[in-house]
Amino acid sequence: MTERKIWRGFASDNYAGVHPEILAAIAAVNDGHEIAYGEDSVTARLDAMMQAEFGPQALAFPVFNGTGANVVSLQACLERWEAVIAAESAHINADEGGAPEKMAGLKIWTVPTPDGKLTPELVDSVMFDIGSVHRAQPGAISITNTTEMGTLYTADEIRALADYAHSHDLLLHLDGARLSNAAAALGMRFREFTTDAGVDIVSFGGTKIGALAAEAVVVLNPDLTHKIPFLRKTSMQLASKMRFVSAQLIAVLSNDLWKRNGEHANSMAARLDAGLRALGVEIPNPTQANAVFPIFTAAQTAALQQEYRFYVWNYATGQVRLMCSWDTSVEDVDGLLAAAERVLS
Amino acid sequence: MTERKIWRGFASDNYAGVHPEILAAIAAVNDGHEIAYGEDSVTARLDAMMQAEFGPQALAFPVFNGTGANVVSLQACLERWEAVIAAESAHINADEGGAPEKMAGLKIWTVPTPDGKLTPELVDSVMFDIGSVHRAQPGAISITNTTEMGTLYTADEIRALADYAHSHDLLLHLDGARLSNAAAALGMRFREFTTDAGVDIVSFGGTKIGALAAEAVVVLNPDLTHKIPFLRKTSMQLASKMRFVSAQLIAVLSNDLWKRNGEHANSMAARLDAGLRALGVEIPNPTQANAVFPIFTAAQTAALQQEYRFYVWNYATGQVRLMCSWDTSVEDVDGLLAAAERVLS
Amino acid sequence: MTERKIWRGFASDNYAGVHPEILAAIAAVNDGHEIAYGEDSVTARLDAMMQAEFGPQALAFPVFNGTGANVVSLQACLERWEAVIAAESAHINADEGGAPEKMAGLKIWTVPTPDGKLTPELVDSVMFDIGSVHRAQPGAISITNTTEMGTLYTADEIRALADYAHSHDLLLHLDGARLSNAAAALGMRFREFTTDAGVDIVSFGGTKIGALAAEAVVVLNPDLTHKIPFLRKTSMQLASKMRFVSAQLIAVLSNDLWKRNGEHANSMAARLDAGLRALGVEIPNPTQANAVFPIFTAAQTAALQQEYRFYVWNYATGQVRLMCSWDTSVEDVDGLLAAAERVLS
Amino acid sequence: MTERKIWRGFASDNYAGVHPEILAAIAAVNDGHEIAYGEDSVTARLDAMMQAEFGPQALAFPVFNGTGANVVSLQACLERWEAVIAAESAHINADEGGAPEKMAGLKIWTVPTPDGKLTPELVDSVMFDIGSVHRAQPGAISITNTTEMGTLYTADEIRALADYAHSHDLLLHLDGARLSNAAAALGMRFREFTTDAGVDIVSFGGTKIGALAAEAVVVLNPDLTHKIPFLRKTSMQLASKMRFVSAQLIAVLSNDLWKRNGEHANSMAARLDAGLRALGVEIPNPTQANAVFPIFTAAQTAALQQEYRFYVWNYATGQVRLMCSWDTSVEDVDGLLAAAERVLS
C-alpha cells in the first residue's frame, strides 16, 4: 500500500495509528491456537495485570470500542426501568448515535455543564420524583475523565460524586476513553482515582492511547461482575480471537506505556497551549490533558485547516479542538504554532 | 510472552491466530494519521476491492464481529415489527446469546432442518398469516453458507431461496462467517453465489479465515445501503481506527488469500474425513467444507480430547465437530487420525 | 347505535361483550375524583380481594391487556440477557406479533408440544449450555392455563414444573388469560394451582371472562414485586383512570363471577363436544375447558361458517376451534349442532 | 361500593370519572358479539367520524393510553437510528418513565423552553451534524397541544413548525392528550390546527376529556398509515374488545362532546384564574386552557391542600398546578377561591 500519503494533524487521537509496542504485542501472541472468546492464556495474564492496577476485586472484560464499553457497563448498572445521569456533553449522550437508547433502552438525564464536569450539586438538580413511576428513576451517574471538553476530574471530585451516588442508591460509572491521559495529568495510578475513589465500573480506553481497537469494561464493584460476560455477548462486543484484544491492553499496561503515552500527549498539548497563548490566542478553558480548545476567527480556522486537520467545536464561538495523541511530535506542535503565527499576523 | 504454550487442535477456526499476510497488512498501514471512522484511504481501497468481487453496486461496511454483522444486516432488512426466518441451528438463533432479540428486537421464526439448510419448502412452512398483526410478519430469510452443520448451499439453491424471498416480498440475508470456505468448496468467486444468485445482503467473514477481528456487511441491494452507516454506529460496530479493520479485509481479498486459506482448510477436512471413514468411523453428514462431524462413543471422545481439543456437537448422538482452519497442517490431521486409530482399537 | 346487527358465534371469547355485573361495577365507581394511576380507593379494595384469593403475599397490578400482562411479567422474571422457555404454541410466541422480543428483548426458547403443555422433560430438552454466554440463558418457564390448545394443566403438573424451575434457578410464569376457565375446570380456587403450586407470577385474565379490558399481573413471589410498578409504566400498561380497570377485576372476583362464567363457558363446550361426537365428528384432543377443536372437511367448515363465525386452527388437518364464552347460550350450542347435523348429512 | 368517599379537586383531569354520555355509549354497544381487535362495526363507525373531523385521508387507530399513542406514533415516524426533538418539559421526555427509550429505542433531543412550546428557532438549535452517524439524526419533531405547561399553540405556530419540519425532512407529531381543550381554546375544529396545519400524526386524547381509557393514533400522513396496525400490536396497545374503546371515542366526537367538555373545563380555569388574580395571587403564565399555574408560599399551599388536592409544579418557585376537568363545577372553583382568600388573609 505504498500509495498512502503520510500526514499528521490535530483532529483526534484516534486518527493516530498503533504504537509499535502494541503492534509487537499482537504479533507476539500469534503462534498456535488459543481458546476463543476469552478463555485464553493471554486474557488470563491481562486479568492479573488489571488486578495489579485496579485492585484484587477488579475484573477486566475486553471489548472492541468505547461505545461498547459504555453500553455494556451501563446495562450492568441499571435496571430495565432506570436512567443514567450524565453531562449534556457526555459521549454517551452526544456522540454515540443514540446507541445507549437504541441498543439498551437507557434513558439519559442530561445536565448542562460549563466544562463537561458533573458535581454533586449538578446531579442533585435532576434527582427529584424519586420513587415515582412517571419519571425514569436514576440508577447511575456517568462521568468522563478526561472529559469531552478536555477537562479533568481530580480524585477528590470523583470521590465526592461516588459518595453522593452511593448515599442516593446510585452507581458511579466512569467513561475512561482517555483514562491514561487523566492518570498522567493527575500524576496518579489508575486505582487512586477509580477504585480508591469509589467508582463502581470503568470503561477503560486503549484505542486512543495507542491500541488498534481495544477497550475494557473494568468492574470494580463485585456485585456487577457476573453480569458482564452475558451483557458483553448480547451487546455484540465479545471478540472470538480475544487474545489479540487482550494483548493490546497488556501492552498498554506493560512498562507503563499508558503513562508514557499519556504524559507525552499531555505535554504536547501543554506546549501547544503555551505557544498559542504567547501568540495572544484566547483559550477559555484550562488545558488539563491532551486537548486544547482555542478560539479562532472563521478565516483563521480556514487558513489553519489548509495545513493541519482539526475540528471546529463550536461554530458560534469559533472554539476549535486541537487534540494531541501519542504520536504528536514537537515538530507537529511547532509547525502548527508557526502556521498560527502566520495566520494571525 | 514467552510462557505461552503452543498447541493446535480442531475446536474452532477462531482458535487459530492471524495469517501472516494479514498481520503484515495491518503493520503496512500504520504510519501517520488517517481520518477515523471509515473515511480513510485504506477503507476507500477496500471499497474498490469489494466492488471488484461483488459487483459495482456493492458496498462494504467493516465491522468487528459476526454477530455485529448479522444484527446490523438484519436491522436493515426488517421493519420494526418484522421477523426473520432462519434454520433452528442458525448462529443468529443458537449462538449469539439472544443479541438479535435483545439489541434489535428481532423475532426469529425458526425451522428445524436436517442439515442446517433452508429450502423454499421449509421456509414456506412458516409463511402463514401474512398480513396479520398477531403473527410477527416475516420480512427476510437468513441463511448461512457454509452452514453451522458444515454443509454447503449451491448457487442454485441460494437462487431458489432468493426467488422465493423476492416473490414473497422478503429479503435474503446470507451469514457468511465462512463465506471463503463456501466459495472454495463451490469453486466460485463470491459474486457467483451471492450477487448473481439474488442475495440482498451478506455478513462477510474475515476472522475465521485468518483475520484478527474483521467482518463486513456487504450490501448488494442498493435500497439498503443508506441505512448501514447509521445502524453500524448505533449497533456499536463502528471502529474508530477503521483502517486496521479494512486492511485485514484487503489482505483477505489480496492475491485470493481467502481462496488459498479456504481451499487449504477444506482440504484438511477432506483428508480428515477420508481418514476417519477408512477407520470405520460413522460420519452422518457429507463433509463439504472445513468441518467434519463424526460420531464417537463418549469414551472415545474423552480419550481423543486428551490429545486434541474439539467440541461435542450432540451429547445424545455422540456427534462431535472437528473444525479445520487456515493453519491446520497435514501433521495435525495425521496426528488426530493416529490418535483415533489408537482409541478405536 | 341502533344499526348494530346483533349476532353470536364461536370465534373467540373476546368477541363477547361485557358481563352486566362488570358494566355495573364500572358505573358504580364513577362519581367524584380518585387519585390517578392506581392510588385510588377502588384499587386498594382490589388488592385486598386479590390477596384473599392468592394469599397474603400476593399483589395485583392491573393492566390493559394480556400481551401487556405477559411482557411486564416476563421482564420482571428475566435479566437483560436471559430467555424464557415456552411451548411453541404459546401466545407469547405465536400470537403477540413479536411484542416480547420487540418491546423487551426477550428471547423465547420454544418447545414443540402435542397439546400445548410443557412438562419437565420437555423443558429439560432446551436446558443445555447452562452458564455459556453463547446461548441465551433460560431464566424462566412460561406456561398457559388453560392452554392455547384448550387443554388444562392440573395443579400437580404445575407443581412439577415449578419444582423443576426452582431447582434449576428458573422462575415460573403462568399466562392466565383463561385462568377462570382453568379454575372452573379444575374445581379449584385460583391459589390452589398457582400460589400453592409454586407459580411465581401470573398474568390474570379478566377480558375473556367478561371484562371490558382488564387483566392483572399478580405477583406471588415477593422478590419480584418492587419491579412491577416501574415495568408496568415503561411498558405503557399503566391506566390513568385505574379505578375503572380495578372495578372490572373486583367484579370478576365478586360473588365468584369468574367461577360462574368459567363453569358456564366450560359446560357449553362440553355440551358442544358431546353433541359433535354424537354426530360422529372427530375431536382429537379432549375438551377440558371452553374450547372444542373438531375436525371438519373444508366444505363442511365453509358451510358451517355461513351460519356461525369460528376460526380454522390448522388448514392442513381441517381442525377448527369452537370457543364458548360467558354469553354462549344453550340455544347457540344447539343451533351449531343442528347446523353441523345438516352439513354432515 | 357504597364506602367510596366522594370528593373533587384540582389535581388532574384524569382524577375525574367518565362522562355519562361516554358511559352510556359503552353500554350501548354491549349486546352480542363483534369481531375482536378492531374489525368491528363500532370501530368502522369511528373511522368515518374521524375522517369527518380530520379529513378523508385520516385514519384513526384506538389505543389504551397516551404513552401508548405517543410511542406508537413516534415509532412510525422514526427509522431505527433516528431521534425526535421535543421540549424538555414534554410528556414523552419527563413523564413516561422512559417508555419511548425503553420500549422503542427512541432518542429524544430535548430543548429547554420557557413555556413548554417549541419554535422553529428552538428546534433549529439542535439541528446540527445532519448526516453524521455520531449524532442520532433527528427524524421528527414532537409538540404537545395544549402543552404540559398549560399553554397553547396557535394554528399558525403549528404550521410554522410543520413547514420547518418538512423543509428539513422531518415529520411533525402532535401529542394531543388535551387536544379537545386546545381546540376549544382556539375555537377551531381539530383539522384546522392539525391536518390543515401540516401535522403528520396525532396522539388523540380521549381519557382526559371524559373517557374511561381511550386514545387514538390519528394518521394524517398516508405514508405512515400501513405501519400503525403492526406497531400498535407490538407495542401492546391493541385492545381485543376494541368496540368499547371505539365507542368511547365516538361519544367524544358525538354532538361535539369534546367541545362542550373542553370549553367547560377551560372556562372553569378562566374563572379560577380571574378569581386568584383578583386576590393578588401571582400567575406567571397566561391561562390559555384548563390549567392555572399560580404561585403560593409553601405554607399557603399546605393550607390549601387541606381542602383540595393539587400538585406542586416547582418546589423552588412555589408554582402549583390547578387543573380543571370536564366535571369541575362553579362550586368547586368558588370553593377553592374562598379557601384561597382565607389562606391569603
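We call the chains A, B, C and D, going by the order they appear; numbering starts again at 1 in every chain.
By our rule, a residue touches a chain if its C-beta (ideal position, glycine included) is under 8 Å from a C-beta of that chain, and two chains touch if they have at least 3 such contacts.
The structure displayed is predicted, hence computed values, not measured ones.
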Interface residue overlap between copies chain A and chain B, same or different (over half shared): same
Among C-D, A-D or B-D, whose interface repeats B-C's (more than half the contact pairs identical)? A-D
Per the C-alpha centroid definition, the whole-Å distance linking chain A and chain C comes out as 50
For chain A versus chain B, what separation do you get between their C-alpha means, in angstrom? 33
Distance in whole angstrom between the CA centres of chain A and chain D is 42
Sequence positions of chain A contacting 2 or more other chains: 80-81, 96-98, 102-105, 133-134, 136, 230, 233-234, 238
Would you tell me which residues of chain B are touching chain D in their complex? 37, 75, 79-81, 104-105, 133-134, 136-137, 227, 229-234, 238
Chain C touches which residues of chain D in the complex? 1, 3-9, 11-12, 14-18, 23, 25-36, 41-42, 45, 64-68, 71, 96-99, 102-104, 207-208, 212-213, 230, 233-241, 243-245, 247, 250, 309, 327
For the complex, give me every residue of chain D touching chain A. 80-83, 94-98, 101-103, 105-107, 110, 133-136
